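Labels A, B, C and D are assigned to the chains in the order they are written; within every chain, residues are numbered from 1.
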């Protein structure tokens, strides 16, 4: 539950950073985090906040960065770009943050990014999927530690190349993310020598998907690519199950996350798709992370929690390398930052500030004893295959 | 030439004939009353003249000009001012603001969105004159909604007067007033009509009021005119007596 | 008038003493204030309650955004042009909406606003669809000055727009035209029968209201550097109506205070707690219960004591 | 899929959708008709219904339990709000109600977030309704048929309630002339509380019905409230039959419109609303406002 005082969270409540600060006279590293905690994107925003808080606490317990404690300043944007800009301005101009996390929605990020230069602030994105942020809207102070939308789609298409499905339909939310992702998907399907039979876009906030389900059935496709999120995603999956759509068509989604699975329960079974992070990734770093996470939150870390943690680690690596949080010193350090992340090796690219990393395909299965279905990793693809060329949103091969 | 002329004016609501082939006229300087029992079509006729509803057939002529298709505000601009059966005022404005706003409607610059001090001054001058003629000067600064019923009725007349109308149309001027209030209002109106050359058309069902105020009377029955003339002549008319006055006279 | 000058001087001096973040917030508050004031022209003076005033704001913002993105027209002129454009479009909107009165009028404005929202979502080349227009610059000029592009300069531009609009709106409501509007507010049928073509007056006031609302939107686009569909959404229409009511309708000053109050309280509350909406909602309910005629009503009662 | 099958299933889809819209619109229009309140918080009551429904399923283990509990609890909350707050405001202008219900919307949204959390919650439909039937060889969910049926049943019940019962008579009388009803010795205040409670309860039951299809989530309220406004406006504010026609019209246009012209799905609803208001400013069955 939300704490009442969030204005300033000296995250390690156990007083260690305070002690550190007094003992060494070190000023904290302030990181501003305007993030959607309420409103339709509140689910994702809340995950991002958990991820950042977990990292800050862990890092402060280990003595902070450069001996300085981390102070997160988290503000609710309600998922509204106008509010987001205001809050970002607040944490930068009032609280003096020169490092930013958050901006849950791509529309928020697109609104904030042009101001980074003026503020001389670095923004490390952990969830913005819009390809243009590292493409046409690129600015030098923006870094993306997470997998982008085009990368997700690429992972799926690489997987489909190996599979038996031959005819595809696509359903996306009627906004930039949906259109961009389906555009990439369409290219990839054709390149793989398979058929793309059509696409349709549902307005944000659609509650009744029966018409779209009819369209998918009529298309004769054996696979349907979904670019849906939040309430729309849950509504579609629930209703698709009601119509037994999964019996005829393999549903493939761009993001598989635990929250959605919990929201629709068994309707998620059989769903396949890419994921940005999943708790079952098999490496020691991740196992340690998951264990520590479970100890604190008594739950498995979800997609945006893992992604946020990775973004934090990326920023930390940059700061430690630069020995400074000044944007001009930090930027080159981040441009060559390489970390051994919970997802394995992840390297930031200097040319467009996109982190190169591997992608995962998961399938949702029912497991005995588990209350909800769980995603299982089907296959993984290495970073050099899933990351587009610099500042590009599409793939050449 | 008559100031107001109705030619074969007819109004049907579905199958119901509310006003049937009414032809009548009001000469300049005349005070004329339209009377008739309930349901005779007085109010419908009034609506046709003021332009609130459109005629099914026939014509309305004002000063020789056909105004049948003209909307209400247009007729008012030509010089027809009216009062309502149920008093219609701007209750939160003072009496003076009421008459002033009425007078302003006659100003060419009534719509001026900026400045307009001269417009207000002229309108207020005319409005105050109207208030004085109806003996309302002492309540000029009170909100209209707080005036007595009788004063409210007179204020409405003052608003019409402030427009310096060529034709004053009154819909049941004493409707809803007590006996004493009616008597007072009729006194004031009678004095007003006597001291001016106003042309007035009033619709009224109270016979005493009609005979005190009107010089000419038109009698309506089931939507049609059955008599027209001087009060004495109308009183004596046999058709009118049987149709309407009954045992009254 | 003396009061107006005193406030103007005070606001003009503020940049000397306020930290940058407060300047930013204040600028946004003044933009909102202009927006709320523009709605008061309709709601407070002609009882034309609009549920779709975001249309004015969004129109202004998109128009200004496009001008700034695609031309070199100096910032202040672009803002004015966008305001005027919004007012011109409003003539068409008002022509349709004034076919109805009362609640139906409100609903028509809502329908128009939402239709515009739906259109903006699809008209990618002009509105950027769901992404909106990003990176809207503050162009130079007039005479090549970059002053209006700076934080302080933009603040003064906003202030000038607010005060100019306020003086304009005040002159309008005190003019013969304004007197007719009050007539419409209190008794439209009577006003019509006095010989006023009330529908034209209503169309005119809606156009003026949209023009000033468009001006506010036009300021917002270069202020935030972006314009998106949220600026056309009915939620904003609802919020600005609340700002007008909180401030006190039919006062012009009230809605300005209401908007500043709304924005600052929401901003401050959400800084201190996630559950700001709980407190914010309670404030509204308490406000209605105990301060029925808005901030201005409260001020008036204070003075009366 | 042949055309007939397509037509039949789409019509059934539209009917089930209309039922959901009707639960919302009917309550809003009742409240407006009697109290002249534009209840901005109606969407929030709908959302509350879904969450209360989730809890009721959690506690009782039965969807049917939820269908009983949610309208009672949500309606009770609505009636309590009327008695505690709205009652003090009668005689004020519409502004007050707008602001109070706006405030309530904010508070309810946040309270729900605090109580049930930010993640969407699954409401499982009963086993008996989760199957499919084949209509002209096309699979069709039983739940949607159930929904369409429930819509008809609720419509008939409300109609009979308004026509046949004493409270219904009082409600209709109050909407015509509250002073007269008061003069005849009935406590109009109680009638108003009842109406507000019933209206909110209907929104609440709509929330429960919707939950298995869309999950209980915090985005429900803002989406629902605008749809509800549209159908009530189309049908005519205050008209019970109008809300039914409005719901049907919107549902059919949405279902078929988004099939044939998916690009205009969002604009359709507002276009109908605009057209109808221009032709009939009071809505289809409303009095000229």
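Some observations on this one:
One rule holds in what follows: contacts are C-beta pairs under 8 Å (C-beta built on N, C-alpha and C of every residue); 3 or more make two chains touch, one makes a residue touch a chain.
Just so you know, these numbers come straight off a predicted model, no measurement behind them.
Contact with chain A and chain D alike is made by C. Taking the mean of each chain's C-alpha atoms, the chain whose centre lies closest to the overall C-alpha mean is C.
Interface comparison, C-D against A-C: more C-beta pairs in contact at C-D. Greatest Cα centroid separation from chain A: this falls to B.
Centre-to-centre spacing of chain C and chain D amounts to 32 Å, using the average Cα coordinate of each chain. Chain A and chain B have Cα centroids separated by 75 Å. Annotation: 36 Å between the Cα-based centres of chain A and chain C. Inter-chain spacing, taken between the CA centroids of chain B and chain D, is 49 Å.
Residue positions 109-110, 113-114, 263, 266 of chain D each touch two or more of the other chains.
Across the assembly, chain A contributes 2, 37-38, 174, 203 as residues in contact with two or more other chains. Residues of chain B in contact with two or more other chains: none.
Contact annotation for chain pairs lists A-C, A-D, B-C, C-D, with touch applied as defined. By the touch criterion stated above, chain C contacts chain A in their complex at residues 19-22, 24-25, 28, 121, 129-132, 134-135, 220, 224-226, 228, 230-231, 267, 270-277. Those residues of chain A that touch chain D in the complex are listed here as 1-2, 37-40, 42-43, 46, 174, 200-203, 205-208, 210-212, 214-215, 217-218, 230-231, 234-235, 238-239, 242-244, 259-260, 262-265. Listed in rising order, the residues of chain C touching chain B in the complex are 168, 171-172, 175-180, 182-183, 186-187, 189-198, 200-201, 204, 208. Residue ranges of chain C in contact with chain D, taken from their complex: 49, 96, 99-104, 107-108, 110-112, 114-115, 118-119, 121-122, 234-235, 238, 241-242, 245-246, 249, 275-278, 280-285, 287-289, 292.
Contact residues on chain B toward chain C in their complex (touch as defined above): 50, 71-74, 76-77, 81-82, 84, 88-93, 97, 100-102, 104-107, 109-116, 119-120, 123, 159, 163.
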